[in-house]
């Protein structure tokens, strides 16, 4: 009975959406058909052409200099520049969740694993973790040029930590991670405030954006993405560590 | 001095008195009574003035309006008389506290503001102020008051909110809340809104005046209120209900705006229903008062009964009804305040409210006894005290309209009042003195003084009711009603006239004759009260002589099986709680699925419904 | 003063606080004090101002919008937050330093919710506030608080998913995320799409604003959270959440059908809240249901949407904020003193310490609307505003108010009743509670007795609502 | 002139009622197959009592008696006896009824002030019973006053005499009810439980002796005069002359005496229930009939 | 079609939330729902034959046909938020398990007065 009701509710919900999908018509605007989006009607059109502040002509990879957001990766330019405020919030969410986990279950002794781990696994885990760290750093540093960025990069780093935690039941993460995490977050805010003080607008880019496609381009974006990458990495690592802790035994 | 200034002063005095009382109780109480007496005198001196003062915007475009009309002056004076007398009375009460003083000041401010208001919004705001302060005030002294006070809270909430609704309804429909302007616009208002407004106002008036079926709070709150506050509660605050009632039936003449309804006995249906409620509350109040064992509960029910008279009289309308009702407001204010004060004085000295624990105090507290005696004679409506005048006028109206059933209620209350007023007289003042009360002294001077003033006023208006009626005539004239014919000592009504001075003279002649005969007889030998005929039994303790406990037992037996009205509120509260349990299982289940499902269903239903 | 500081400051301090150990508590104080002062500066102004974030003009970038309503709410939120901290300063929470971080972030998020002019940015701030709310909800001593927080989390996650869906539907069909831009464009939308988006957002925001039937989480959370947590949840959060509700549902979506639905749901919320509060045996549960009821009345007013209704709603919100600050902080302290907040347990606590009674009583009186208190003035507006809409609504509101009066007084009376069990010693009222409580009492009384002319800013809220529901919300 | 008339009325009332009561004692005795005292025995009792020594229980004991006596005498002045009318036009029935209560209150106060429980019980019963008999009576009166729009006794008498139609004929039910109520007012059997001698030692009168008792006996005879006088004036048209009035008075009085002589005693609640059943219903019927017939 | 699938995922998540009693399963259901939402968001931005919105030596001009980058940016945020909430939820489940000894909803006996 309960399941039937649940299924009914789920089905009705589905129907509701079916009702409103593909509703774009001449008479009324609505959700356009899949793949038939007219980007000129959306704000993202200007993100693509980087013409929010004014028409800057055709953007060409490797040639255009000082475009308004110098990132070749348009998603990154939205995430870290056009809507950087969202990202600050997003970082905060993760930070807050990690803090919450720490409040709830953190601070205990390391849980011991049920199986004993072969030393080969331990050592190779360390090697892989180091590689992952390097890869993660690569990903977030190149966030403005290639797919990826601070969040994937940080997650990759955390994956390394996870590997070490799983492989070795004596392993704890460093207390310094908390400091790193906090400092990076603070740095993000400081960058924003610097923008506010320098240009009068919070989180505004105040560095030259360079040539499109260069590593040292896009103004603040690589810096912020590095900050985010470190922060997310540290955060997720600490969070994983909390999950590997047992409260009560110190 | 500006009227709004007066009210402001009264309001500001509240916190000042509070902090002063932290420092010294005595000084603060004396100052409080000075302020109240000053306010009373101020209002009294405005006799005959008609003006309006607007100030202090409450909501956009709505200001507080105060002013004097004969109506405001009359009610304001009565209420402030009672409050100022009680304020003097309080000076020597034992349980003093800063909080009490703060709340009393607020009560007084609210009462002045309400009675001197010129529009419904001001009325309800200040009335609320005094009600809410009194709510907190009544629980300050006694333990069992909490359960009782809740009844007061809910009944006054019912009353207040219906009034608030009506006020805003009026504001929306007519664009004004001024009494006179509303009165004008009511004449052309649609029928349904007339009825709505009247029903809502009626609920408020009945609830606050303590009339059936909203009388249930009176017993508990009057009896458990601090002793010095009971006179204000009964004598002053219930009279604001009468004030609203008067505005309903006389300023907005309900008789004329409901002329399209059938009329019974010459009064329109709405008024007839109201009169019946008044009649029922007379009967209920009387029966219950007779059955009470606690002296303050007894007087509380007498308040119910007398509020019934006021409602009945005002609902009857007409010359005699209106004037009788207004006169009864004055009489009952004086008498009930005096009764409560004398009882408070007794309680102050003896420390109990149970009649069976007292007795024979007449020898110890003669002046208190005299005050009580005069008050009960007035309540019972016996000439030559002022209570007779109002009852007489009410009977005139009943006879004029030929309403035997309502007359029954009025007579029932009148004759029944002999029974209940006599019970405390017997139990408290007469009979055997209890040994533990051997050293009781007369009440202190500050208690005696206000009681005596009220007593003298009762006697004065008993001998010369024409004096009081002459200014009630002015009120009636102001509202466009017909005045009553008066001479110096006579009141001329429908079924004849009544010469109060002559009656008093006759009584004194009779008394002198009796006195002469008494003196002619041989001098009597004084014996102790214990030295009485006991049919051969030898009784040696005063307690065994006591007979006031269940004095009217045969009468009680007749009414024991009557359904109790007092429990409807309790059962309502149970009903709400049951509903709460049902709602909880429906919408606030223990597991999250429940409310996720409800939320989803709401979303989906709303979508399919609204699309 | 740039309102960005209101968000940036607590955020920065929070990041520092995570490794600052004991200092994080000090950071919390500094951040909230600074915010209160900054909001005071922002309050001093009028009209609509848009502050651009990141240097990109809306609708492409995110902007913060300060209007007359925001000014009032900002000041209220930051002030009440500070007072709530002071009032509950005596309470020692588990892992206090980390909790301080959560509180700071909630402060930042609330300011963000009040300020932001972007639908998606609002979602982010809603999430921050929601997660901090989950943490606060789980901060209670009893195990049940964790379960309650989990329930809240489940419902809250569904809500945020739905809100996000709603935002995406709006974006898909209008191509913008800026509120003002969207508000201008939704008028040409397919009504079904608009309705679906609106409903999804109503569910999303309804959970946080405690609109029936999306408020199943509230009673358990409010009743079992720690003192500081429940006080902030009950007094500060509603202001921000309802502000978000006003912006999204009535300013952006602004669909007549939806407003009718909100009126109906709001009234139902009020009735159910009051009836259930009436039958509660635990003080904080009673307060929780009372909060639900208050939220219902406010949302109903928002559904009505007239100028007077907005004035009434904002007055009620502020009144509820200050009142619930008093009530929850006192109730939590009483629960500490008496061991629990059950009806029988708290009997007579107020007699031992009259200050409890004073604070609780003042809070209760302003919530139920005694003259001289702020609540009465707001009640007048509520009745007046609802009367213009329909004759039934004020009747229902007043009936529920009568129920409310009764149970609040029962609790006040219960507090001052003498009880044999509690005769040992006088339980002292912590200094912070006394200070903050008395300040709050002064505020509600001051709002209750000053003449209307001094409350001009409320009238400006009313004017603004009309102006805003027709034109764009600044910043273009 | 008024003073002379008043004095005459009081003396007449005193002598006539005391005599009648003496005769009543004789008649009752004859009905009960006893001899009974001579008809002047009551005079002897009163004068004897007045000259005897007595005891007092304090101030209120004395004051109550004076109040009872004074109040009753004052009331008696308002009863027109034929053409002997002291205050023409001012003898309002309500005034009479309520002024009578002051005497009752005084007596109640005094007897309770003696401290004797028997007195208190008696007063309690008396007051309860009063609630029984007054109500039907007053309802009937509403009908009467409504019909004539007048409540002055002397005016009512004149109207009845002029029209030649006594109220007893116009409203027989009302007269019947009033008569039953009158039995209660007089405290005659079956409504004399409040002074039941064997049970509560004559109730209110238990503590009185000497001049107190004498004064109360006089007071009692005055109240009999007032009560029967009310009935005669209201329903039997009073009288053109004093003698006509006294004759009617005599008839009513003896009707009451004879009825009471053959009746047992009601308990209090029985009495009240009795009054609230048929008399009350009849009085309502009567009042409604009158009101309908007269038209509002 | 992908839009229907994403909506279906949301519906499945809702079904799971309503029918499951295990707390971890509830959280999994939540995640399924969020996944559905995220896919839906992405699908909104799809342009037929659109390029990945990253300029590179090959796709080197902004005037080319790109898919909408904004939903992708939003999804990034949504995913991260989802991660945070899930972590918190799981730690709450741990606490509940610790206090009540079970993670089955109907076995949790708490005072719910």
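Letters A, B, C, D and E mark the chains in the order given here, with residues in each chain numbered from 1 onward.
FYI, a residue touches a chain if its C-beta (ideal position, glycine included) is under 8 Å from a C-beta of that chain, and two chains touch if they have at least 3 such contacts.
Computed from a predicted model, the values in this text were never measured in an experiment.
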Chain-contact steps, minimal, separating subunit E from subunit D: 2
Between B-C and C-E, the pair joined by more C-beta contacts: B-C
Most distant chain from subunit D by Cα centroid: A
Distance between chain centroids, defined by C-alpha means - subunit B, subunit E (Å): 67
Distance from the mean Cα position of subunit D to that of subunit A, given in whole angstrom: 105
Centre distance in Å when subunit B and subunit D are each reduced to the mean of their C-alpha atoms: 35
Gap in Å, rounded to a whole number, between the CA centres of subunit B and subunit A: 73
Sequence positions of subunit B contacting 2 or more other chains: 591-593, 596-597, 600, 603, 607, 611
Per-residue overlap in subunit A, given as positions that touch at least 2 other chains: 2, 5-6, 9, 13, 16-17, 19, 31, 42-44, 47, 83, 86, 89-90, 93, 96-97, 100, 104
Contacting chain pairs - touch in the sense defined above: A-B, A-C, A-E, B-C, B-D, B-E, C-E
Subunit E residues within the subunit C interface of the complex: 10, 14, 17, 23, 26-27, 30, 33-34, 37, 40-41, 44, 70-71, 74, 77-78, 81, 84-85, 88-89, 92-93, 95-96, 99-100, 108, 110-113
Of all residues in subunit A, those that touch subunit B in their complex: 2, 5-6, 9, 12-13, 16, 19
Footprint of subunit C on subunit A - complex, ascending: 16-17, 19-20, 23-25, 27-32, 41-44, 46-47, 52-53, 81-86, 88-90, 92-93, 95-97, 99-100, 102-104, 106-107, 178-179, 181-186, 188-190, 192-193, 195-196, 199-205
Touching residues (chain side subunit C, partner subunit B) in the complex: 150-151, 154-155, 158, 162, 191-192, 195-196, 199-200, 202-203, 206-207, 212-217, 219, 257-258, 261, 265, 272, 275-276, 278-280, 361, 365, 370-372, 376-377, 379-381, 383-384, 387-388, 391, 394-395, 398-399, 401-403, 405-406, 409-410, 412-414, 416-418, 451-453, 459
Contact set on subunit C toward subunit A in their complex: 2, 4, 8, 11-12, 14-20, 51-57, 59-62, 94-95, 98-99, 101-102, 105, 108-109, 112, 120-121, 124-125, 127-128, 131-132, 134-135, 138-139, 146, 169, 171-178, 181, 185, 188-193, 196
